[in-house]
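What follows is subunit A paired twice: with subunit B in the first complex and subunit C in the second.
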Partner chain A sequence: MINILQNHLSEFISGFGITLLSSVIALVLSLVLGTIFAIMEVVPNKGARVIARIYIEIFRNIPLLVITMFFYVVVTKIFAMSGLTAGTIGLALYTSAFIAETVRAGILAVDSGQMEGARANGLTFWQAMQYIVLPQAFKIVIPPLGNQFINLVKNSSTLAFVAGFDLMYQGNEIASTTFDTINTYIVVGIFYLIITLPLSYYMRYLEKKLA
Partner chain B sequence: MKINKIKILMLPILMIVSTLVLTACGQTKSSSSQNQLTTIKNTHQMVWGVKADTKLFGLMNIKTSKIEGFDVDMAKEITKRIDPKAKPVFVQVTSQTRIPLLKNGNIQAIIATMTITKEREKIVDFSKSYFNAGQSLLVMKGSKIKNTKDLNKKGTVVLGTVGSNSVLNIKKVAPKAKVLQLQDYAQALTALKSGQGDALTTDNGILYGMSEQNPQTRVVGGTFTKEPYGVAIDKGQTDLKNSINKAIDEIQQDGTYRKLIKKWFSNVPGFDWRELLND
Partner chain C sequence: MAMIEFKNVEKYYGDFHALTNINLKIESGETVVLIGPSGSGKSTLIRTVNGLETVEGGELIVNDQDLANKKTDMNRIRKNVGMVFQHFNLYENKTVLENIMLAPRLVLKRNKSENEKIAQALLAKVGLADKGNSYPKQLSGGQKQRVAIARSLAMKPKALLFDEPTSALDPEMIGDVLNVMKDIAKDSDMTMLVVTHEMGFAKQVADRVIFMDSGKILEDAPSAQFFDNPKEPRAKQFLSQVLNH
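For the complex of A and B:
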């Protein structure tokens, strides 16, 4: 195991960097998109609700690999994109559908009296959303959001299927050239833990701090 | 209790039966060490292992449920020349099963896109090469890439499959090009067609098959590695090996080889099948 790590350190590190980069971009994008679609699902406008539902049902119910392959082989004919870009976009869209549902649940869990009270005090719907409802909603959904983020980091391994040069891709290549499959994937697993464990603990810390 | 007694009685019976079955297997196996050439001439049939999933070389025709391809036609011609009365029998093999089947005596010869290598020569004997395979390049029609030299530039992208030898070879031949490894040939071809790479690399035989099915692609630059295909037979079958070699010589000299190459490779778009005739 130490041998594999020493001989292929640069490949592992570059794969680790790509996985981290892709995860961070996808995390930010999916959080923004997810929140937008969650709000669209609860606004009084019927058109917005329908659009949000269609978006969420499409991306929540198609396998991530299919979405990623769609961007890699179809969308690329219009906008040329590398495997890394296609994979990150696929990851962001896929996760955003789950985050939208999570945040929507959070918004609905905030007592309706909060919104009514805010409106009665002269705030507009958007102001009430921004200052009163969303902060409380996010506090409620921190644990399930943490799950989504951890899943996102692990799902970034689909980049390997579109030659995204991530950790899994490097792992596959090292395993197939050295034939030391078991040790290679153990090292790959440890590198994933380096990202997911601190993330997991940070979410737990946030939960305690805000509760 | 009665049932238990029956079970105990069954055990030795089962053992005897299985011993008999296994001995029978051993007997068939020992027949494979007989002179195969005499067996072929006595039984008037020759059992070949062929691929059934490789376009142009050996592919199952779903309509007729017969295996068709260059390898199959070569096998028919060789059989005809060894014993004019003999009929070729085709058994479907894969890269994993062909050597065990040959060693076990289920088949008498392998003609299944099998490259002659030193490692394999330790286990089986090979005839002389009947097809000059080698690694080549597949590009989209109108591509600027004509050979491996054009690939060896910064910014060019070559597609291959994970863990294949062809990927290691291309890294040596064109070290400046970026190599993307995809999961299988279908995915690599899709990636080439959607513009994710400039060229796809693997054995020329596989590329010809892809090109015939996808007329917008071209095989270019000839071969840059040598991977000659040969007929494999069991060790010690020198008589059979000599007569196969003689048959291959005859096929090449009397124009049959040219006819077969033309039959199978003249439909590959943008490719001159005559290239395959030059040694």
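For the complex of A and C:
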């Protein structure tokens, strides 16, 4: 195992970097998109609700790999893009559907009196959302949101299927040249833990801090 | 001039006729108490006044604007009409001072120092000058309700609506809240519409009492007259039940 790591350190590090980069971009994008679609699901406007519903049902009910392949194989014919880009977009859209449902659950868990009190106080729907409802909703959904983030990091391994040069891709390459499959994937697993464990602890810390 | 005027207002929840042919005029500066058995439409009626409930027929003129008209900007009405709820509805994620200062800052664009000065003065007025930095969950029910009243007053409204403000309070907290409301009622410019089961308050403070049952206004009389000599049999029966124990 030490041998594998020593002999292929640069590939592992480069794959780790790509996985981290793709995860961070997808996380930010999916959180923004997810929040937007969660809000669209609770606005009074029916058209917005329908659009959000369709978006969420499409992206959470199709396998991530299919979405990623669609961008890598089909969309790339119109907008040329690398495996990394296709994989990151797929990851962001897929995860955003789950985050939208998570955030929506949080919004619904906030007592309706909060919105009513704010509206009666003169705030617009959007002001009430921004200052009163969403901050409380996010606090409620920190634990399930943490789950989504961790899943996102692990799901970034789909980049390996579209030549994304991520950690999983490098692991596959190393395993197929060295035939030391077990040790290679153990190292790959450890590198994923280097991202996911701190993330998991950070979410717990946030949960306690905001409680 | 009338601050609030209902003209033949109708309200339905599906097939349920919640408000039937409501006609009611509340003059600027008046204090009016709305009483009646539960399910009589009191809360529905008061919630139509700031557009939390829509109305389906007739006209509802509040501060010269018709709420029955879908184009009316509710936010403009709510700027001038405050509301105090049974369950307080304080912003749980904000301190007491932030609760009071948020709407004036966002809606009225009041500057920070003036906003803070007004908020502190209002807190003192409701007897909670030392609670500015507390969060709602650290307050008792009676304190929460007094903060909620201060929050409404901070908008300098022309009218205040109270929807059963003491119904969720422990008995010994009720007096503090009623005292604050009595103070506000003394201000001759403030229009107050109060749904309550506190008959003592109604007797003492209200200019008029409205009695409702089954979505209709059955009696609308000066307070003393209503309590001494109610005309409607249903009102007589209601009073005998709430006063004789």
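In this text, the second predicted complex is superposed on the first by the 211 of 211 C-alpha atoms of A that agree within 3 Å, B and C clash if a C-alpha of one lies under 4 Å from a C-alpha of the other, contacts with A are read in each partner's own complex, and residues count from 1 in each chain.
Just so we're on the same page, contacts are C-beta pairs under 8 Å (C-beta built on N, C-alpha and C of every residue); 3 or more make two chains touch, one makes a residue touch a chain.
From a predicted model like this one, the values you see are computed outputs, not experimental measurements.
By the touch criterion stated above, A:151 is placed in contact with neither subunit B nor subunit C. In the overlay built on the shared chain, the residue A:183 is in contact with neither subunit B nor subunit C.
When the two structures are aligned on the shared chain, A:172 is found in touch with subunit B, with no touch to subunit C. Applying the stated contact rule after C-alpha superposition, one finds that A:117 touches subunit C and leaves subunit B untouched. When both complexes are overlaid on chain A, the residue A:14 reaches neither subunit B nor subunit C.
Contact with neither subunit B nor subunit C is seen for A:200 once the two complexes are overlaid on the shared chain.
Taken in their complex, subunit A has these residues touching subunit C: 111, 113-114, 116-124, 127, 131-132, 135-136, 139. Those residues of subunit B that touch subunit A in the shared complex are 162-163, 168, 180-183, 187, 190-191, 193-196. For subunit C in complex with subunit A, the residues that touch the partner chain are 50, 52, 74-75, 78-79, 82-83, 85, 87-94, 102-103, 106-108, 148, 151-152, 155.
Residues 72-74, 76-77, 80, 82-83, 161-163, 169, 172-173, 175-177 of subunit A are the ones that touch subunit B when the two sit in their complex.
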